[in-house]
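Below are two complexes that have chain A in common, paired first with chain B and then with chain C.
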Partner chain A sequence: MKKTKLGEFEELVLMTVVVLQADAYGVEIKRELEDRLNETLSVGSIQSALKRMEEKGFLTSEFGEASQKRGGKRKRIYQATPHARKVLQEMKDVRSQLWAAMPGIATN
Partner chain B sequence: MSKTNKGTSPPSWSLKLLRFFLKSNYLEEIEGDLEEIYDDNLNQYSIKKARKLYNREVIKLIRPILTKGMSSSEKLNAYDTLKHNLKVSIRILKRNWLYSAISVAGLSIAIACFIHLMTFVKNESSYDTLIPEADQIGKIGLNKHYPDYSSITKSIPHSLADALKSDIPEITETATYSGPFRGMLLSYTSDNSGSQNFHEDVIAADGNFLSFFGIKMILGSSENALKDPRSMVLTNSMAQKYFGQQNPIGKSLKMARDEFKITGVCQDLPDNSHLSFGFLMSINTIDRFNQTNYTRPDVSCYIKLQVGTSIVSLEEKINKSAKNHAAPEIEKQNGISWSEYQNAGNGFDLFLVPLTSVYLHPDNLGGMKPGGSQFSNRVMVFVACLIFLLASVNFINLSTARTNARAKEIGTKKILGSYKTQLVSQVLTETFMVVFSSVTLSLLLVYLTQHSFNNLSGKTQTFTLDLPTIIYLFSFVAAMTLITGLWPAILISRLKPLNTIKGQFSSGRKGSLLRNSLVISQFSIGIVLVLSMFVVKDQLRFMINKDLGYDKEQLLILTGDFHMDPLFVNSFIGELESMPEVNSVAGTLSMPGLGIFWEENFKRQNSNDIVNLKSMKVGDLFSEVMGLSLQEGRFFETDSWDSTSVLLNESAVKALNMDQPIGKSLVELRADGTPMTFKIIGVIKDFNYDALYNQISPLVIKSNETIFNRSSKIVARLNAGVSLSKLISKVNSKWDKMRPTDPFMFKFADEVAASYYKKEVRLLSVFKVFSILSLVLACMGLFGLSAHNASLKMKEVGIRKVIGAGFSDIIILLSKKITWMVILSFIITVPIAWTALETWWLQGFAYRISIGVRPILITLSIVLGLTWITILFHTVRTALTNPINYLRND
Partner chain C sequence: METTKDNIQPPRWSLRLLRFFLKKDYLEEIEGDMEEVFEDNIAQHSLRKARRIYNREVIKLIRPNLVRGITGYHKLNYIGMLQHYLLITLRGFKRHKTTFFINLIGLSTGLAASLLIFLWVNDEKSVDTFHEKNDQLYWVFANFQLPNSTLTWDYTSGLMAESLKEEFPEVEDAVRIGNSHFFKPEGVISFKETNFEIDGLFASQNFFEILTYPVVIGDKSEILKGKESIAISEEMAISVFGSIENALGKLIDWENQFFNKTFVVKGVFQAPPSNASNQFDVVVNYDQLVESDKWAAAWNGGYAQTFLLLKEGTNIDQFNAKIENFMDNKVNNDRFSLFVQPYAKNYLFGKYDNGIQVGGRIENVRLFTIVALFILLIACINFMNLSTAQASKKMKEVGVKKAIGANRKALIFQFLSESILLSLFALTLAIVLVNLFLPQFNEITSKQLEINIFQFIKPIIGVALITGVLAGSYPAFYLSGFNPVAVLKGKVSNLKGEEWIRKGLVVVQFVLSIVFIIGVITINRQIEFTQSKDLGYDRENIVTFTRKGQFDRDPQIILSELNKIPGVISAGNMAGEFLWGDDNGSGFSWDPSTDEDNKYLFKSPKIGYNVIETLGLEIIEGRSFSKALNDDNSKVIINESAVKLMGLKNPIGKVLDYGKEETREIIGVVKDFQYGSMHQKIEPLIFRFRNSGANYVVKLQAGTETISLQKLEDIYQEFHPKYNFTPSYLQDDYLALYSTESKVASISNYMAGIAIIISCLGLFGLAAFTAERRTKEIGIRKILGASQVVIVRLLTGNFTKTVLISIVIALPLGYFIVDNWLHNFAYSVGLKWWFFAFAGIAALLIAWLTVGFQTFKAAMINPAQCLRNE
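Entry: the complex of A and B
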């Protein structure tokens, strides 16, 4: 079976979800990524990446508790599936192997 | 939400937008996220900026994956249904391949016909729309009144054009032309390549003509090209014909002993224009157009109006102005006052026809080429719709007939939980597939039959698939699917599952009644077309074979540009007379079917009743050569001077109210008002010198000795049994020796007489094609239906055979109903078709057949014969099958 593809931006969002653990809901993911990437992101881009990955089976989600700050609306907490963790690991391995094979940088 | 937040809450319209487009299961989470971000922003920035950021985020959320109705998961479901529908449809269409093939074939033939006919009609109604400012241009027609009739002509007196323009401020421009002058000999002699001689039709046009109609010039200027006498403008293709690749400007063409300087080359005219010419000469070359003339119609006149001019009030002004100019001249010519002239029932009216209606005007006001006919366009649309109706009926018939065969499938589906809508969509998908493949196939058919259709229609149109056509076709497919598919679909979805599973179903009396009436209507259409075809054929044969009062067989006519050369004519007549194959020869100016006829005013001596009569001018012996029969008196004689003698036909004697005409005087009133007296020497029996649409009108025959023995035709009576091809080549070689400058041209009188009826010949071929098509379609439908009927009657046939019915009993049983249906449609249709042909078509002929029993019987036998042949296959098969095959299952 063909592996479901993971885009570059999707990979970043997925890793952020893993990093944030129980805090991984829309706004927090956006804030964290904006800090790390040092650029402004739209809610739309984050949300579409989340929904797409949920459809592909990289993420699961459930409603968290409501808070006063959000006008009484509940957060949705995202969690990476084991499959997602495996895919992330594979991608990292492929990358580090490629890094090791790159002559210019390896000799430095 | 707390009260303090109210003034600083997110913008309500973008919140509404968000709630509108966002998928509802994402709404709580994302709305919350946005609100949290908004709160943060409120702490950092102004309210205004926070609201702006909020709006921006909402806009950026409009993405397919987050938007209602666009997610892939919802699509998948519809896609699967569609896929299922398609798969099932293909299986069903394949299983019933015969029915599918009949439906597709019938529909695609019908659609192809429809496309052809509609393209034709579209082209016919697009005439002259390309001319700039076409909606402001009109052509002036003339309705001339005589005491007992009036006639419409395309021409008006030429001086009126300028007079109207100066009298009426609403007219901004005028253009006039005269002609076409048919068959003028044009020759170009070049220094190196010898001379080029052709007979051409030439139009004499005024200086405004080219710019008035916005005719594009390739060489020369449209304003100046026709200003000077003896100027000529050619179309591009004519320039190529005479001059090849050379530049024609400044070269000259010789016509009628005049040299014409080529001053311009214009583009060829589009087919869909009533203007059609190869050569334009400046009208002021001809002297009579430089003299004042307010009374004799001689030019076609077009006027351009100011925007927003009312046609009705303008017609009044035009008539007033024209009568002011014409009345004095008419008074002078006739010697009576204008009011006396009018009170006697004479006079005229001018009327205005919009440029775009000129081509389709019933009196062919265009004049440069045969006009179109609004009536036949309507007939075309009607026939197109009929053919189309036929095929649709077939299709609906077949699909409802198949309802029974599908009852079990539908029942099972319903029990398994199908909704009505799902069943309907299933049937509609099938219909769609049939319609879609028919349309595709019909495009192929249109492409393949374009050439033969053009032969039939006399046009050079091509069908192009442009964007509007594609959109049109697609909407057509959709509409057609709904129209033809919805009824069978609803029928199918209404079947009661329990009954269908138990095998208790019937197509219902209602269903079969409707099917039967559809079959009857199909055959009715076929019968109308076949009967019309036979009637047109009979009338055409009648007209071609009718005794015209002169002998048109074995009559050779030579034409050419020799009317100014009577010496040549005389010597050539002598040459022809010396040939043993030739019986007798005469020269003439007038010849039935080839012109030239005049209309002149005559009266009896000592009488004031002026009668307008047609007149012809003929040479000595013409009456003998033509085989005209004399009622009393004598013909013109070779050895006497006949310039003051006339012959009358019987109708003319009646019109002039004469008895004992021989020896009496006839007075002609010339255009300038001077009388001229002739002596009547003979009365000729009426002969048909015009097409058989009209009664023979009164005719005065003058001798060509009135105009210096001129002849523009030579007619020769050939002896019976002469080899025509040998004789023609003999005459041709003699001609080339004696008249090398003029091409040899000949016609036979019977062909000339038949050429009147080109329209009817075309109508006949149209009826042939469409009656065959309609019968084919009706039989296709019948074939499918008979298969269905036979399958329904299997059991009955089986039982009857077991009891002892013979082969012929079964055949009669199975074909009885259909035979009665055909006879019924015959009884319904024949009176209608008969009345329609009598009142609409045969009325147009003064000499006509009456529809007898013969064409009706032939039609009946053809239709019945075809019906039996069509159902033969299934009836015989059913009658021959061993009854055990369909009885053992019970």
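Entry: the complex of A and C
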């Protein structure tokens, strides 16, 4: 976790990839996140986060089927690596430990 | 691209841009994503909006990790290549130490010299530009028509500012200050028991609002209100009152040549910075000058300097046309024509000839900028020559690199980065050098320059980069152009042409150096000439000093005291500085048949008794002013030129009409002498009589100077207890007239030296290289019986030819340049043939000396040694 850091936005994207499973390609990730965050995101921000995480070894990807809808361009389907799942788990643990340690705020 | 249904497509330009900058690998996926988003948007919004969103999205896609590299589609190991270049470069430096040091020393001295000059030029250009409204600030000038010439004055009537403001809507505001040549109050300010000698300024109330010297305490529109107010500088406030706050409201006495009065301190301002042309410690209202001299507020009189704040967007040419004849009905003649020019411009462009702007300090700024560029050029040429000369050593490297696929661009980049790296090394060294020599440079230029690296970081780095590129471009293109097959086979083509270029570059260097030598000789000879020329009066052992402040006693009392000192040969007093040569007067009429003659402007210093004798001026007819005969201002003495101008046969006793009622009788004629500096011609001159002049000239007996000066000071203190005695020798003051030229001369000396040294360094490197390359040839020649003399001649012959060509080109060029420069002087030393001969022979000798060492080393070589190694 120390070596390859995961930014906040990257973490969100990564989790969306896990959630979407076989549907996890650029635009679908964008839609899903836009729904959940209730704000507009640009293709650029999603794509650069994906590429960065792929470089860091959090994601792997391969081309999917070509479809009519995208002007004949293939989708690229992303998948989280085991390492990424481990890092996500670690971050969640750290967070919940911190939440538990925060005084005065009820964690119900 | 395949079209989607209904021909609805994303904007074409954006798509092209997208395809252009995206990494090839990502293109299909992202383009598809973009299209999908676009289709979604069309479903939701209008087509236009969808396209707009698309455009925006494309821009947002320009991110470092999505954008492809600058060259090629392949991901190259740029860092690795850069490391490789660096390694090769550093190894090259290490292997060819001589070349490296020659280049480094040459470039760093060149850069250091140019940096110093850059600092100086920058400072010169910044003078007077610091006022907040500098863009709108203009200075009113007047051209004054004389019968045969036009004078340009930077001063005008004291009424000018107010009435220009009233009559012309373009004028937003106007300020008048006391003419800084003649109406600058000096004298002594006293607070309690302490006295301070100061420089003052008369200025109208709005002075600080227009010329924005920062006001530290006080309201800037109020501090000059009324004749009793005074504003003093921060430094003054601290030295007189201990602190700035203490100064406010205090009463101080000020005695000067105009008044003796008590003032209230109303404000404190920051003294003008060193790059202000007008320096002063205190400011009082201009009305104070009017009170002591009513002509300060009259149309006839040049008591004030007028600065205008023109409205933004004013057309200056039109405004100048409007004000040109403004003075005509104020003074009832049309001899004045007014014009304005930017306030800060006057410092650099302050010289006028017959009413036409003809340069000024800008000439030196230009001169030195050119000199700096040439020095840099000389240093760059060294680099070019040495790198191309050593091309044979680089050939194999280039050949191998090309063979394994390096393209020409990459090689050019490599060689350029090599030269840029070198120039950055040189820059570092140059900055050290500049820091080392800045104090001396400041002394020569009498400036307070500082080098603030961070302030000048951009131009400095810029110059270093340009130098690197300039020096490296020719070698880079030359070296990268080799044909790999030929090079690796060992065939080298085109060596002849390359050698020609190299020779041409050496010629450029030597032409520049020789021109520098000629320039330096001429400047120094001219200065020597001005310093030693017989001016028609004595300068040795003559001391001058000025009486300051108010003085109502007869100067004859002081003079008689002075004459009692045993070491004093003679003493006199006069008005105005004798050396400045700027005392003019008209109104003398010698020809009753015409009215025109009284407009002629004579040089007309006002002197007392004994001045002619003290200065050793030669009376060739008549007599000098005499106390015994009670001569007064109805008598004048004229010089030979004036006699000639008036066409008088018997000048003695001739009575000139002067004004309506008065007359002036000529009682003597003096031999022509140089009044003022040698920039001016000897002109017709009339000595007027003035008993009360404040400048004293005293001739001392040689050898008694120290004692006599002490006694002079005692007498001075007796009459002027508040003032410091600041005598100066006429000889020193005379030399100071040429301070600009002396500065130019000493900077030129150094710069020429640097230019020559750098050129020689280059030549030295080339000679070493040639000798090395021809070792085998020399060995064979020696075996076949060539003597050392033959070898030396063989090796020097080429260089001699090059230098001779340079001499042929440089002499006429140098002649043209120095001839032009000497036109600045009315009396110049005259060009002698030996200036040029000396420069040429010097260049040749220096070249031989430089080459000689290498040559002799080569000639002494033992042929067995050099032929054995293979």
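FYI, the second predicted complex is superposed on the first by the 103 of 108 C-alpha atoms of A that agree within 3 Å, B and C clash if a C-alpha of one lies under 4 Å from a C-alpha of the other, contacts with A are read in each partner's own complex, and residues count from 1 in each chain.
Definition applied: a contact is a pair of C-beta atoms (placed from the backbone, for glycine too) under 8 Å apart; a residue touches a chain by one contact, two chains touch by 3 or more.
From a predicted model like this one, the values you see are computed outputs, not experimental measurements.
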item	value
Partner chain(s) touched by A:Gln89 [first = chain B, second = chain C, both, neither]	neither
Doubly contacted residues of chain A, that is, touched by chain B and again by chain C	25-27, 30, 42-45, 47-48, 51-52, 55, 63, 69-76
In the complex, chain A residues that touch chain C	25-27, 30, 42-45, 47-48, 51-52, 55, 63, 69-76
Residues of chain C touching chain A in the complex	1-2, 4, 26, 28-37, 39-40, 56-57, 60-63, 65-66
List of chain B residues in touch with chain A within their complex	1, 26, 28-37, 39, 56-57, 60-63, 65-66, 72-73
Residues on chain A engaged by chain B in the complex (per definition of touch)	25-27, 30, 42-45, 47-48, 51-52, 55, 63, 69-76
